[in-house]
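Can you read through this structure? Questions will come right after.
Order of writing sets the chain letters: A, B, C and D. Residues in each chain are counted from 1.
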Amino acid sequence: MKKRLAAFSEWADMRAPAVFILPAIMVILMLAIFPLIVSLYLSLSRFKFIKGGFSLKFIGLLNYKKLLVGSQQFHFLGVFGKLTVLEIGILILAAVLLIVWLVRYFRSGRLSIIGVLGRLILTTGVLALTWLILLTINQNGYPGTLVVTIFYVVFGVLIQFLIGLGLALLCAQRIPGRNFFRLVFFFPLMVTPVGIAYTFRMLVDTTIGPFTPIWEFFGWGAIPWVTIPWAARWVILLGDTWQWTPFMFIVLLAALENQPRDQVEAAIVDGASGWQIFRDITWPAIIPVCVTLILIRLIEAFKIIDLPNVLTNGGPGIASESLTLHSFMAWRTLDLGGSAAVAYMLLFISVFFAMSFVNFASHRLKDA
Amino acid sequence: MSTKRSIYQILFEAKSIDDVAPVPKTLTYIILGFWTFVCLFPLYWLIVTSFKIPIQVHDGPMYFPGIDFKPSMHAWYYIFVDLGNDTLRPYFNTIIVSISSSIIAVVIGSMAGYALTRITYQPKLGSVLMFIGTLVLTVISVVWLGLAWPIALASGLALYVVMLTTVGRRFKKSLHNNDIAFFMISQRILPPVAVVIPIYVLFQRIGLLDTHAALIITYTAVNLPIVVWLMRDFFESIPMDLEESAALDGASRYRVFFTIILPLSKPGLAATFLLVLILCWNEYLIALFLSTANAQTLPLLVAAMNATRGPQWWYMAVVIIIMITPVIAITIVLQRFITRGLLIGAVKG
Amino acid sequence: MKVQLKNITKRFGDVVAVNQVNLDIKEGEFLVLLGPSGCGKTTALRMIAGLESIDEGDIYIGDKRVNDVLPKYRDVAMVFQSYALYPHMTVAANIGYPLKLRGVDKTERQEAIINTARLVRLDELLDRYPKQLSGGQRQRVALARAIVRRPQVFLMDEPLSNLDAKLRGKMRAELKHLQHELGITTIYVTHDQIEAMTLAQRVAIMSQGVLQQINTPKNIYNDPDNLFVAGFIGSPTMNFLNGELEDGDFVMTGCRIKKVGKGSRENIILGIRPEDMQIIANGESQIQAMLYSVELTGDQTIVTAKLNEIDLTVREDKDYSGRIDQMVQIRVDQSKIFLFDAASGKRIRYET
Amino acid sequence: MNCFKHLWGRPITVVIIMSLLFLSPLLAGPAHAGKYDGVTINIMTFTGPQIAEPLQRRAPEFKKLTGATVNVITVPFSDLYTKLLTDWATGTNSIDAAVFAPQWMADYVGPGYLEDISTRIAKDKALELDDIGEFFREFSMKFGGKTYTITLDGDFQIAYYRSDLLKKAGMKPPRTWDDYLAIAKKFHGQDMNGDGKPDYGSCISKKRNAQAFWMITSVWGGFIQAKGTSEGAFFDLKTMKPLVNNEAFAAALDVYVESTKYGPPDEINLDVGDTRGLFTSGRCALSVDWGDIGTLAIDPKTSKVQDKVGAVILPGSKKVLDRATGKLIACNSSRCPHAVNGINHAPFAAFGGWSGGINAAAKQKVKDAAYDFFSYMSQPAQSNVDVTIGITGFNPYRISQFENLDVWIKAGMSRQAAEDYLVAIKASLNSPNMVLDLRIPQNQRYQQIVLDTAIARLLAGEITKAQCMQEIENGWEEITEELGRKEQLKAYRATLGR
């Protein structure tokens, strides 16, 4: 018996590599890969309830076609305006810059298939997006959920990062009470996003919100922010920033505090000012953390839904609707195919952004 | 080198290294104070709102209970007494679901993370692709051809095993640990709406809808990538010698992992656990899909306070307050862990 | 530039890291702050650099009181134990950084970098990054970065402690030469007495935040002020015997050494260096002890003998041979004996 | 399937036992000998207090009477429709009955999820079916001629006004939409609640993805439907062409857009909860809403305008759509047979009132119990109390409820207010020209996506009136084509009793 047990334990030990990793792989396969494949199929079909169940009719790329060129184009891509001279100029400038960047890469001689392919995709993607953004945010155009989502992601992440960094730098000073600030600044992350959305809905309301009297005191009156597309988008960003700045803050603060103290002191003795220390010593030291941090936030930011859903329901019109919300609304009316198609487009876009960012950042990192 | 300081220096330069100069100090406190206000005001407003009766909310803002309005406990009474069990049940659900799924995710995730740092895997690219192909085929045969799913699954598995033992041997190109890690992490990119419908169908088929189990499993899957990501780097920072000496003493890999590695990574585990706990605690969309009544969690209760009459601000405020209180309490206790654990993941990730 | 510390004190909470230390460092002097780890020497150095504030007392660099002067106005350069190189800058950029901060223009800077690099023999490595360098090379970069701007004072915090023994010896020589060449006041912190003895013009020994003695290496060795200094300096360490003084003779059980002092006194510690004792075959000996071990280190033999459970270390020449567990006679060179008060640890001196 | 049951049997048992243990305090109660001892009915509705509150309150009473345990499960309003559909369509069937909007019947009845209760209702004396308003009896509860639901709540929209203000100004309550706009314009910017700050002329909930698409339908009803409920207000009855690209619809849009000028600055982000709050706190002169404001206005906890609220049937129009030409023409006796003083009113049964329906796949005993519970809820003894309580969200739908003033006075209304309120309801409820909500399959997509989005974009100024109408027409046509024009037309006609 004992021998058998020993044999078994030896056998088990041999299998350890599989045992360690299989649970994770299985869970992910079952709840990520499998659903993903089903969703792909869903996005290629039309969903319908029939007697006693439902039916899926394969319709090919029709759902995507609808988004890109069909009746949902205004919703997904937006309404196209006419490019002004200035905007054409910007577009050409962007194209030239990208081409220069490409040419430089080709000249560098470090070519690889993936590198070339990746850069070509990046270039086309960036150009297409620039063109789309210019086309839809100009006077006659109107941005769709794609552009709005990109706006949330880019500006949200940027603003949250900058505020987070600023606060972290301030809190890294030797000042009394910094532990208090650290704790308080962490609070917003604790609140459920739905709760945040409703809380902000209450706060920014022009009739019941606490700030209206203050605006009125200054003579600005109640600002009907919700009727102004850009105001609505910024208000949503405000909520997003409130929630996610703490995350940036806490990680950046940890990074700052973890930075080798010697290097900073060496710079101090050498006569560097606070700003010089930050620019020359601290910033290069925390770049890797920043890259990872921004990447994490980038990925999460694309999923923004609760805020636009609750704050404005995507309004005015479709001005503040995000891609996830777009997909969610389609789902709610049981347009499952359409919903899955939007979700898949979102997946492509976030992968594209994440990859481009990683490419771009790793380039920078290697240089350093 | 003059000891006499100019006005500029007096205002903007600290006297000594431990000091902060008056102007930057004032500015720092103004900014930090402002952000404290920004962080706390919404919470304050929630608390104030929870003591208002409807008319006091709709009648324009009132700021100070007892001063510009008479506080009322009606919302608290409604949530705790009138709703009673309908509040407590989601509360218990949330506790059960988030704690168990966090624990499972941390255990499974750290096992995988550990394996990825210490064991070299070289799955053949071909067999992986083949597996996905078989999976696609299986799904198609179920969804499209209407094959019963146990049959499809079994035959798919059989087909894969057969193919692996025959064609599988020829594959050359293999994947590495980093590929596997990246694969796991990339799952985080998936927008929940893209996968939640199939997951719903999946749990419906195995009869787990509206159970804690469904939510626990799903949250585990959603949060695994984060755990793998954070813990992998934590394990990397543990010196190899410890494990090697234990292995020489005759400990199995399991024993090494559970008795040496895990105890050593306590701060990382704590931080990861907390982060995952917070994410589970606050998750809305998946809970919405997978739970009906029994397994309903707190975020749903928050959303539920938006009735056809519009948001019941006062009730909502109460629910949000009782929802964040325990999390904030835990955070206050373990905040230092969070900072450290997060950092190690982020710095090396 | 001379540096003066007047009664400086530094507290970290309840712990007094530096306690009423007075130091007078002359222009161009190479002063070593020596002490075991945690004795406050690094804190004292950081206070001179301005990296720690001063709780009490004053520090003067030149004639200026610098208590309230920020590091950047003190014109000191510091070499850290970890070197504190900037990992994202090349060697050249690292060396040139202090100049860049001072707004030195590019060509001038370049010239200074090259000159300094040549001085520390780094001119081949200017384009490398710190992580591509060996320990000794990194150390030289740190040195070069300190040298490049010709500060008034050098501050060095155990700069050699991360190097292996051989390299340390080499770098020691280079450092000493360099300092001599540049003639810049240097304060050097170390816990290694050999470094201290070889480098310093004067050594200041600290223990538990208190300055124990400051003098030339030779005087410190030959004329320690107290028990701590006596025990800390010298390798193998000084032998200590607890006993009392009876009419000028040192007495303890199993041992009597005549005419070491004057008068009678209890609680005395007698100190004698290993090289000032000798094992003799016959003749007059003061101590009888049991031979415990014999270690040949090459050019000498370290002999340990036991006297009432006290280890006595004697340095013999390399030809010494003796049997373990054998009783030996030890003769003490009476003129090299130090007497200390056991309670205060103070040296008991007699006018001769 | 069997093999999987075997496989999963054990964990499921464990889970069930665990959850039973967990729920045991909820389930335990004193035992009664009753018809339905041991029967548990899972009824789903949206989270209260509205609608759910009376169900929860009456459940113990019902248990005492019959022994059946009623388990009220609530989900957020916006998810109720999909939740029910997915539960029933995927065969989960964890929900035995539901209180939902009869509008969704089209999607529930078609695949056969809902139990036909025609025979039960015919035998049910206690329900006093004849007392229920004709519209509900004949249209709301029925689909394709068969009865599927029991109405628990009377939903149609009426217009509210501040009676004190109008009396002071010597104005009459609005009869046409032009009157409505005129009154709104007059009072907009005046202080109406005595706090010294300007208030608003008209508060209509116009938030997107909420309930705004019912509001616009309320406006256009009077312009488009004139010949009685069965004429329909959404599609042409022959071709299934949307009735949205014509002069009448344009006129309705004009009213809707102009009313925004006299509303709160963020009106397009206000849900009905917000507009109700504003109205009952005295900050609006006019509002269009369901019956809720009437009961809310008498509740001192929510209201500052007790006894200052009047209600009228939805304003109408003197000109209506000529379906042949798409032009607006003046009312005459043939085009507007139900007009009052030349004004065509078409009250809109938006939503249709919360109704109880039963899952066809539930166990027989459970179905019986569920039917009895809904019947119990709807019987006058219970209903007459519930409709007067603001928090229930139940609005009157029985003839006896607006004829018996005492109920309302007892509930706290003044006689005058009760009369005003009930007159409006009576007029609407008795109107043969009630507009029936859209009930064809996937009506959610027609209304919540296409209509709602287009109206929201119009209000936001993203598109012009013409573009808006075109967008609705195209969107509706696309869905109709996708689902099959013939099927949709058939379904549409069926809902209108044709």
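Of note:
Just so it is clear, a contact is a pair of C-beta atoms (placed from the backbone, for glycine too) under 8 Å apart; a residue touches a chain by one contact, two chains touch by 3 or more.
On a predicted model such as this, the values are computed, not experimentally measured, just so you know.
The chains in contact with subunit A and with subunit B alike are C, D. Ranking all chains by how far their C-alpha centres lie from the centre of subunit D, first place goes to C.
Per-pair tallies of C-beta contacts place A-B first. When chain centres are taken as C-alpha averages, the shortest distance to the whole-protein C-alpha average belongs to B.
Note on chain placement: the centre of subunit C and the centre of subunit D lie 91 Å apart, centres being C-alpha means.
For this pair, subunit B with subunit D, the centres built from the Cα atoms lie 39 Å apart.
Computed from the mean C-alpha positions, the centre of subunit A lies at a distance of 58 Å from the centre of subunit C. Shared interface positions of subunit D, i.e. residues touching 2 or more other chains, are given as 79, 90-91, 274, 277-278, 283. Touching two or more other chains at once are residues 50-51, 71, 73 of subunit C.
In subunit A, the residues touching two or more other chains are 207-208, 268, 331.
Each chain pair that touches appears in this list: A-B, A-C, A-D, B-C, B-D. Interface of subunit A with subunit B (complex): residues 9, 12-13, 16-17, 19-21, 23-25, 27-39, 41-42, 56, 58, 163, 166-167, 170-171, 173-175, 181-196, 198-203, 207-213, 242, 246, 250-251, 253-255, 257-258, 268, 274, 288-289, 292-293, 296, 299-300, 302-303, 305-306, 310, 323-324, 327-328, 331, 336, 339-340, 342-344, 346-347, 350-351, 354. Considering their complex, residues 78-79, 81-82, 85, 89-91, 107, 110-112, 207-210, 264-266, 268-269, 274, 277-278, 283, 442, 444-445, 448-449, 453, 456-463, 474-475, 478, 482-483 of subunit D touch subunit A.
Residue ranges of subunit D in contact with subunit B, taken from their complex: 1, 3-4, 8, 11-12, 15, 18-19, 22-23, 25-26, 42, 44, 46-51, 71, 73-77, 79, 83, 86-87, 90-92, 94-95, 193, 195, 197, 211, 271-278, 280-281, 283, 292, 301-304, 393. Remark: subunit A residues 46, 48-54, 71, 75, 79, 142, 205-208, 222-227, 229, 309, 312-319, 329-335 touch subunit D in the complex. Residues of subunit B touching subunit C in their complex: 1-3, 5, 13-19.
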